[in-house]
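Below, chain A partners chain B and then partners chain C, in two separate complexes.
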Partner chain A sequence: MVRRQNKLSKVLLSIVMILFAIYAAFPIVWMLICSFKQNDYIFAWPPKIIDESFGLRTYVRVLTDPVKLRFFLNSYIVSAAVVVLTLIIGIMAAYAFSRFDFPLKKAVNSIIVSVQAIPQICLLIPYMGIIVALQLFNTYWALILTYLVMTLPYCILMMTGYFNTLSKELDDSVRIDGGSRFRALWGVLVPISTPALVSVGLYTFMTAWNEYLFALVLTQTTNMRTIPIGINLLITEHNYDWSMMMSMSVLGSLPILILFLFFQKYFISGMSSGAIKG
Partner chain B sequence: MKNNKLKRNAMPYLYIAPTVILMAGLLITPIVQVIRYSFYDNAFVKKNPLPVGWLNYQKVLTDPVFWQSVRETIFFVIVSIVGHIVMALIFAHLLNTTMFKQRTKTVARIIYILPWIFTATVISVMWKLFFQPAGVMNYLLGFVGLATKNTEWFSNKDIALYVVTYINLWSGYPFYMISVLAGLQGISPDLYESAAIDGATSFKSFRFITLPQLKPILLSLVMLDFVWTLKTFAIVWTLTAGGPMHATEIISLYIYRTAFMENHFSLASAAAVFLLIVCGIVAVFYTRQQFKIQED
Partner chain C sequence: MATVELKHISKVFSNAEKKANKNIPAEATHAVSDFNLKIADKEFVVLVGPSGCGKSTTLRMIAGLEEITDGELYIDDVQVNDMEPKDRDIAMVFQNYALYPHMTVFDNIAFPLKLRKTPKEEIKKRVEEVAQILDITEYLKRKPKKLSGGQRQRVAIGRAIVREPKVLLMDEPLSNLDAKLRNQMRAEIIALRDKINTTFVYVTHDQTEAMTLGDRIVIMKDGFIQQVASPQDAFDHPANIFVAGFIGAPAMNFFPAKLERVGDEYYVQVEKLRVKLADEKCAKLAAKNVASQDITLGVRPSHIRVDQGGDELQGTIEVSEMMGTEVHLHVKHNDNVVVIIVPVAGSYEKYSKYLKHDQKVGFSFDGEACHVFDAEGKNLEA
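Take a look at the complex of A and B:
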């Protein structure tokens, strides 16, 4: 009796599990399917999964268009720069929070936690003025600096937490051998912090790659636009080129999808330790 | 000797200097500026703006569109929070049952996280495709008579907000699911075993073990979600741009439109300060809660 009940609940749970999977994945799969179709076929009624237009033609169109390739290049440059700079600056600050006691420590720490709650839209108006005054409007640096400020708090909090789990004797052993604190940090602590660095790096890359609002306002010409804006430019055009939108979206999501599948464990540990998404 | 001591005292400040400079310049300065702008007439566009006291606030608070926006924001935020937490609890339990093999659960977890990784414009594009009049959604709903080939979702002011909220539920729940799952895995199995010996039903053990154990996590998540949903801009903007007739113009879109479409930077600043205060209050509670968890 108990066994039959167990079997029944397993079947029911399996059905629920599959239904949820459909709920989560259906729009994504449909986008993928439509990215292989030609524009005139996408809204066939009744919808067809595969039709005679199925092929890679739209992808070829995206990948041979220098304007669209530039969106990808821009996103890669900005995101890579943000990851490198966030890690360097964040690691230094985290080291200070983990290894030193100083008068303003608690105050600075509370500011770092609480700034994550500030809606970006509230900063945007004066921010624009600051970027123009710094003569950075419509440059990579405008975006890099902005994303740095967005990703630093999470990096600092995560790395401080991680450094706190590492024994201070590690630093001391370097310093007894005559090494500086600088060497203790970069030569000893950083190499053994790889798991946390990967989580933080992934989160940082994703934030920079996906950001929309500041990229929209702080850049102006197509040679400075990033992927999210590039896709959005297609929406606002008069004749919707749906197949182009779908293949651009697939290509634009691919880097994050690949990183997610490869580094799933780090991705998830980053999420569950209170990751902050834009 | 004295020099050395000075050096040691200055050291931590050197390490945090880049962070502090960046945050002071690009976070604190704009906050101060936006508050200042809100008390000036035509800040940002005029060379020498004049101080106008509370006039901008008066104008915003008497704008019916602002109050409509506030109502829509409240709906959007509350439904999103409740939906995300309920979905998180259900999905996480499903991923935490002992009934499936680990492999099955890993695959399911990957699929369930997928909505989280996409950027707002991609989410917007994929759901627009889905909800087009001749799209899949209408086709499927046609079988149960809920839609036809002509059903409009985004241009109907009575339902646009529901559709946008639904999409926000879809795109946000994985984060909460993963956090709740981590919380569930942290609950000692002994608690459930002893409850089972006492003959507790699964509902009872959920009510009296799971929920109390998850309470600190759920509290943090509710506060995080509150702030994040209030901040939402890109998804709604790219889906509807706030339309039709302001029907989906949540507060961040109201601020954006007032500033960047209509060039009323001072009015937008006043509305932004309003939002800043609401988020600031929640941030204080959230920070306290985080420190409490850290200390425990």
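Take a look at the complex of A and C:
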């Protein structure tokens, strides 16, 4: 009796889960299908999954267009730089927070936390002013510097929490064995923090890769635009190139998808191990 | 040659350092106060005392991990107060092993040599030698996660001794092991001493470990040294009540008593029991011209005898623990519990009555067994 009930609830649960999965996956699948069609066929009625326009033609159009390729290059440069800088600066800041006592430690910590709480739109105008004053408008650095403000707090908080779970005797041990604190950090603490670093790195990459608002405002010329802006540029007054948008979206989602699949194992364990203390 | 000398060493943890740790009250902690000790070459010195008495802090100051607030520290007659840990040529074994989890056992042990740019073949040779000594050769390729507690401890020791440091510091290295393994590792550390030429400074809160390992033991309390002595000396002639109670297990019993001087002879009186101190003790007290006074009398559990007749102290057995070759009695006497060790010699009849609850028992001791402490707790003989 009990067993049958269990079985029934399992079946019900599965049905609900499948419905949710379909609901979540539908836009992605639709995007994928549309990206293989020609623009004129997308709104054909009745809708067909595969029609005579089905093929790689749009992808070829995207990948042979230097303007579109430039969007991808820009996104890769900015995102990679943000990930590298966030991790380097964040790791060192987190080490200081975890291992040292310094004046105003609490105050600095609260500032870092509160930066995250300010809506980004409020920061747009001040940053615009700063970036223009620094003569960085319409450069990679304009995006990299503003993205660091978004990604560093999370990185510092996560890594401080993670380092706090690692015994200080590890540092002591390295220093006695003949190394410096620098060596202890990069030679021991960082290698054993891989799960946390992967999850922080992924989050950072996604933030930089997907960012739209600042990228729109802080760059001006087409050759400095990133993918999210590039996709949006396809919407013009006279022409919505849906199939082009869809194939660019697919190509734009691909890196994140690949990273997730590749680091899945680390990502999940990083989320949970950082949660123990912090 | 490696001597270590601590001259008037003190450590104060200021407010700023402590705010991070909410468990510690707000004012400054004097973790170590006026610590003086000269450690000879190849000596095995044990710092022992209850938790929080400043043992680890002292050790960490010798290592250079903790700044010295006041005083001078010499290693081989060179003042090292401001020297970095890596330049002091010391090694340390930590309580939780502090092995590098992402490296194999081989790489863990090789790490200090690599940092010192030792040639590769030399590293291999030395690591294998050490692995041989510690019997961990078969685990060299494993990661620490795959080792048992005892094996991890050996790796930690291996990493410490591989570069033949002048001084080997150990901070409670055995306290994470279970009792059986602890005894085994203790024996191995004793054996290790003969194999390597190093000065040892060993920290423990466990008096048995201190007694069995140390050439000399330093008993500490609240940051102050209570006594520096050989284990036997600390046991036979404790400097004060604290040392008397801390060294030896089960702990010494204390009674409020009166010391009475009659010429050059001394008597202690506890209730109706009057005992003449041993001649040697009398001579010491007389030489110091100690007067009659109220004292605390200390007697070790194994020096108390039961049911000898005559004027005895009376008590009731609350607990009796059968230990095989002896019975430990916990006897309620006035408001105190007195622990008495009764040897299980001869027939069952002889000791069976002591296994009974609420049994009345009389007990006494002789003048050899008495330790006399004044009102401040100092040993009057010392």
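One rule holds in what follows: the second predicted complex is superposed on the first by the 258 of 278 C-alpha atoms of A that agree within 3 Å, B and C clash if a C-alpha of one lies under 4 Å from a C-alpha of the other, contacts with A are read in each partner's own complex, and residues count from 1 in each chain.
Criterion: contacts are C-beta pairs under 8 Å (C-beta built on N, C-alpha and C of every residue); 3 or more make two chains touch, one makes a residue touch a chain.
If you're wondering where the values come from, they're calculated on a predicted model, not measured in any experiment.
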(request) Assess the superposed three-chain arrangement around chain A: do chain B and chain C clash, or do they fit? (result) fit
(request) Considering only the touch criterion stated at the top, classify A:Pro46 as touching first (chain B), second (chain C), both, or neither. (result) first
(message) Output check: A:Arg57 vs chain B and chain C. Expected answer is one of first, second, both, neither. What do you get?
(response) neither
(request) Please work out whether A:Lys7 is in contact with chain B alone, chain C alone, both, or neither, and reply first, second, both or neither. (result) neither
(request) Could you look at A:Gly178 and tell me whether it touches chain B, chain C, both or neither (first, second, both, neither)? (result) second
(request) State whether A:Ile192 touches chain B only (first), chain C only (second), both chains, or neither. (result) second
(request) Check whether A:Tyr95 is in contact with chain B, with chain C, with both or with neither, and answer first, second, both or neither. (result) first
(request) Using the touch definition from the top, say if A:Lys265 reaches chain B (first), chain C (second), both or neither. (result) neither
(message) Quick check on the superposed model: minimum Cα to Cα separation from chain B to chain C, whole Å please.
(response) 7
(message) Using the superposition on chain A as set up above, list the residues of chain A that contact both chain B and chain C.
(response) 105
(request) Can you check the complex and tell me which residues of chain A touch chain B? (result) 6, 9-10, 13-14, 16-17, 20-21, 23-25, 27-28, 30-31, 34, 42-43, 45-47, 89-90, 92-93, 95-97, 100, 102, 105, 108, 110-127, 129-130, 145-146, 148-149, 152, 156, 181, 206, 209-210, 212-213, 217, 227-229, 231-232, 234-235, 242, 245-246, 249, 252-253, 256-257, 260-261, 264, 267-268, 271-272, 274-278
(message) Which stretch or stretches of chain A touch chain C in the complex?
(response) 101, 103, 105, 167, 169-170, 172-173, 175-180, 183, 188, 191-192
(message) Show me the residue ranges of chain B that touch chain A in the complex, using the header's touch definition.
(response) 9, 11-13, 15-16, 18-20, 22-23, 25-27, 29-31, 33-34, 37, 44, 91, 94, 97, 99-100, 104, 108-122, 124-130, 132, 134-136, 139, 149, 170, 174-175, 178-179, 181-182, 220, 224, 227-228, 230-231, 233-234, 237-238, 252, 255-256, 259-260, 265, 268-269, 272-273, 275-276, 279-280, 282-284, 286-287, 290
(message) Under the definition above, what is the set of chain C residues touching chain A in their complex?
(response) 16-17, 19-20, 60, 63-65, 84-86, 90-92, 94-96, 98, 100-102, 111-112, 115-116, 159
